[in-house]
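Below you'll find the structures, each written out as structure tokens.
Each of the two complexes below includes chain A, the first together with chain B, the second together with chain C.
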Partner chain A sequence: MFEAVAFYLFAFLTITMFIITVTTSQALYALTALAAGMIFISAFFFILGADFLGAIQIIVYTGAVMALYAFGMMFFDTTRSVKEKQGNKFIITGLSTLAAVLVVLIVGAPMVSNNIVALYPTIDGMGNVQNVGLILFTKYLVPFELAAVMLLVAMVAGIVLAGKKMDRSITLTNDAELEIEKNKKVLS
Partner chain B sequence: MDTAYLIETIIKVVVILLIFSALAGIGTYFERKILAFMQRRLGPMNVGPYGLLQVAADGVKLFTKEDIIPTNVVAPIFKIAPVITAATAFMAAAAIPFFPEFTIFGYTVHPIVADINIGILYILGMMAVGLYGPMLGGMASANKFSLLSAARTAAVFISYEVVSGLAILAPIMMVGSLSLVDFNNYQIGGISHWIVWSQPVAFILFWISAFAETGRTPFHLIANDHEIIDGFGTEYSGMRWGLFFIGEYANMFFISFVIPLIFLGGFGDGSFLGAIGLLAKVAFFFFFFLWTRAAWPDVRPDQLMWLCWKVLMPIAVINVVITGFVMMF
Partner chain C sequence: MEIGLNHYLVLSTILFAIGLVGVMRRKNLLLLFFATEILLNAVNIAFAAISHYYGDMTGQMFAFFIIAVAASEVAVGLGLLIVWYKRHGSIDLDVLTTMKG
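And now, the complex of A and B:
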């Protein structure tokens, strides 16, 4: 019974939060509702017994939305509502409804036809963390490593874009030029 | 789910809430007294013997003060921000084992609300959510100083969390579990088994990031009174401001529980002496928070980010790598 109550409560809360995120024209409301919705989603992981993923959901999305807040702070006066450009409302509503129906169909079809099998069933007597680790480092090792490489590339790119004087290579400029620059700095 | 378990859980939740809300108040008394003695003053002396009832006087003042919602603020966010700080602090406490289990009237009590097997991750996550309070409060109030404080909160958040996560990773690798009860049982053999001896670097790093997490003095830049008035708290009054305060002090107490549980043996073998030992360790760490406030200056936000990203994070990564190699060979 507790599972059912918790599920419906958090389902209602999550959907409400995301509706607020989409519909409001106030940047602060949208961001806060987004953060709340993301954190409420973790409740479903806890209900399903996937404690580890639930905690990871909380940690990852608090950090991610915090970065969004920083951008919100830079681009908007967050205490005023933003004037939005309203496009064709019918197209927007139609497309989003279509997308929602499609997602439900894609996820629901295997369940309806009872065609869903756990390829790697969880092993009894092992914790959440061990199960996730096992599957991540055997079956999904290549995607995992690929994700790691992509994150590394993104990090290097971020540092190069944001860092000062990162656009010129010291190895490619010859020593004489460097020497001149050094002297310039000393003089100025 | 039987009724006895339900009643037990509710009682535990209420007891933790009451004790730590009261401790937050008494914590302010300790802070004033200790700061006063270190600065050769007397501190609160007038209300009650040695100023002990000052806490009650402050409480009455906070509760009866008018709750002002200024014009131009984003009212719903402004109202909910202090609640986030206080609530998440207490939610984090759900996974902390405060005492060893004991038997009362033939009924064994586990003084932990929920022994989930990812305890430490959950605690760190909830405490991180707690920073949303200052952030939202700062952004919702139409005040330049509050906005500065919100920006600083974001800076603190993205700096300290990497360090605390990476620092805690090395002990987790040694213990092989994320539950604080397992951490305690790993160190059950006495002082020589404490994790602090094998992970001194991780201990120091986690301690430093605890200061950033609770926003205490070396990293007290979120609500730095002498630079940005009270930061996010500038526009608040009455009990809403009090909730921020309770959240901050409850967080200090809870992190003072977490540090000994991870690194300093916790409550040991679960005897009465062990429980007293844990309380003594908690008292020391709480005292240390106040001590640094009296002794150290504040750092600038850019200095904090420099420290976290360029000094502490590389050290933490090297510590994790070395721990991995030592465990492998």
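And now, the complex of A and C:
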């Protein structure tokens, strides 16, 4: 009973937040609603008994990713409202429905066959974090190390890409100065 | 009132559809990234639910790696977006059509 109430409550909240994210014309509202939706999604992980995943969801998504977006938005002109793509509404709706049905088929196909056995079953009497640690550091050690290298590469790429010409502002310099610099670059 | 695996899969599908709508109707690249995050999170819910109802840890492991990929995608993507904004002054998708024949 408690589980059902929690599930429906958080399902409603999550769907509402994500609909706000994709429909609002203010970038700041979208960011805030997305952060709230991430927190609500972690509630599902806690209901499902995946405690470690829920904690990681809060730390990584709402802590790191959302903060990164918030800092990134300082570079962009997000005060004006966002223009929308003027496409055919029916095509968009039809494609979305088709893709969603496809996802259901893909996820639901193994259940129809009904002969799935757990590859790495959870061990009773051990907490979720212990189970995660046991499997992550034995069966998934190589992907774990590769993920670490990937995060390092992403960090270096982020620094190199965003750190270029950090010393000059693009909003405070007026157009005339930019024009002069452009001409200098052409001449040299 | 028992919550089964199908409840979670339907929820995941609804969230995935919302993310797809976002990807298709947004023109601003930053908000397109937001919609991508919604897609990844919807899949994460499905993985965690399957992991719980089959008593298997593999689903949770894949959810972890998806989170790692999402984090690095955001870092690189935002860096590229900042470079693009410095060069063109806009992150609308229309500005990106520079390869017209």
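Here is the rule we go by: the second predicted complex is superposed on the first by the 142 of 188 C-alpha atoms of A that agree within 3 Å, B and C clash if a C-alpha of one lies under 4 Å from a C-alpha of the other, contacts with A are read in each partner's own complex, and residues count from 1 in each chain.
By our rule, a contact is a pair of C-beta atoms (placed from the backbone, for glycine too) under 8 Å apart; a residue touches a chain by one contact, two chains touch by 3 or more.
Here the structure is a predicted model, which is why all the values come from computation and not from measurement.
> Counting only touches as set out at the top, which of chain B and chain C does A:V103 meet: first, second, both, neither?
second
> Determine, under the contact definition given at the top, whether A:I56 touches first (chain B), second (chain C), both, or neither.
In the superposition, A:I56 touches chain B and chain C alike.
> Does chain B (first) or chain C (second) touch A:Y29, or do both, or does neither?
First partner only.
> Under the stated touch criterion, name the partner, chain B or chain C, that contacts more residues in chain A.
C
> Could you tell me if A:A67 is touching chain B, chain C, both of them or neither one (first, second, both, neither)?
first
> When the two structures are overlaid on chain A, which partner does A:L13 contact: first (chain B), second (chain C), both, or neither?
Once the two structures are laid over each other on A, A:L13 reaches no partner at all.
> What is the contact status of A:F2 with respect to chain B (first) and chain C (second): first, second, both, or neither?
First partner only.
> If you lay the two complexes on top of each other, which residues of chain A touch chain B in one and chain C in the other?
In chain A, positions 52, 56, 69, 72-73, 78 sit in both the chain B and chain C interfaces.
> Contact residues on chain B for chain A in the complex?
1, 72-74, 76-77, 116-118, 121-122, 124-126, 128-129, 131-132, 135-136, 139-140, 142, 147, 150-151, 154, 157-158, 161, 165, 177-178
> Flag every residue of chain A that touches chain C in the complex, lowest number first.
1, 3-4, 7, 11, 14-15, 18-19, 21-22, 27, 30-31, 34, 37-38, 41, 44-45, 48-50, 52-53, 56-57, 60-61, 64-65, 68-69, 72-73, 75-76, 78, 82-85, 87, 92-93, 95-97, 99-100, 103-104, 107-108, 111, 116, 118-122, 131-132, 135-136, 139-140, 143, 147, 150-151, 153-155, 157-162, 164-165, 170
> Across the complex, what residues on chain C touch chain A?
Residue positions touching the partner: 1-3, 5, 7-22, 24-28, 30-31, 33-35, 37-38, 41, 44-46, 48-52, 54-58, 60-61, 63-65, 67-76, 78-83, 85-86, 89, 91-93.
> For the complex, give me every residue of chain A touching chain B.
Chain A residues touching chain B: 2, 26, 28-29, 32, 35, 39, 51-52, 54-56, 58-59, 62-63, 66-67, 69-70, 72-73, 78-79, 127-129.
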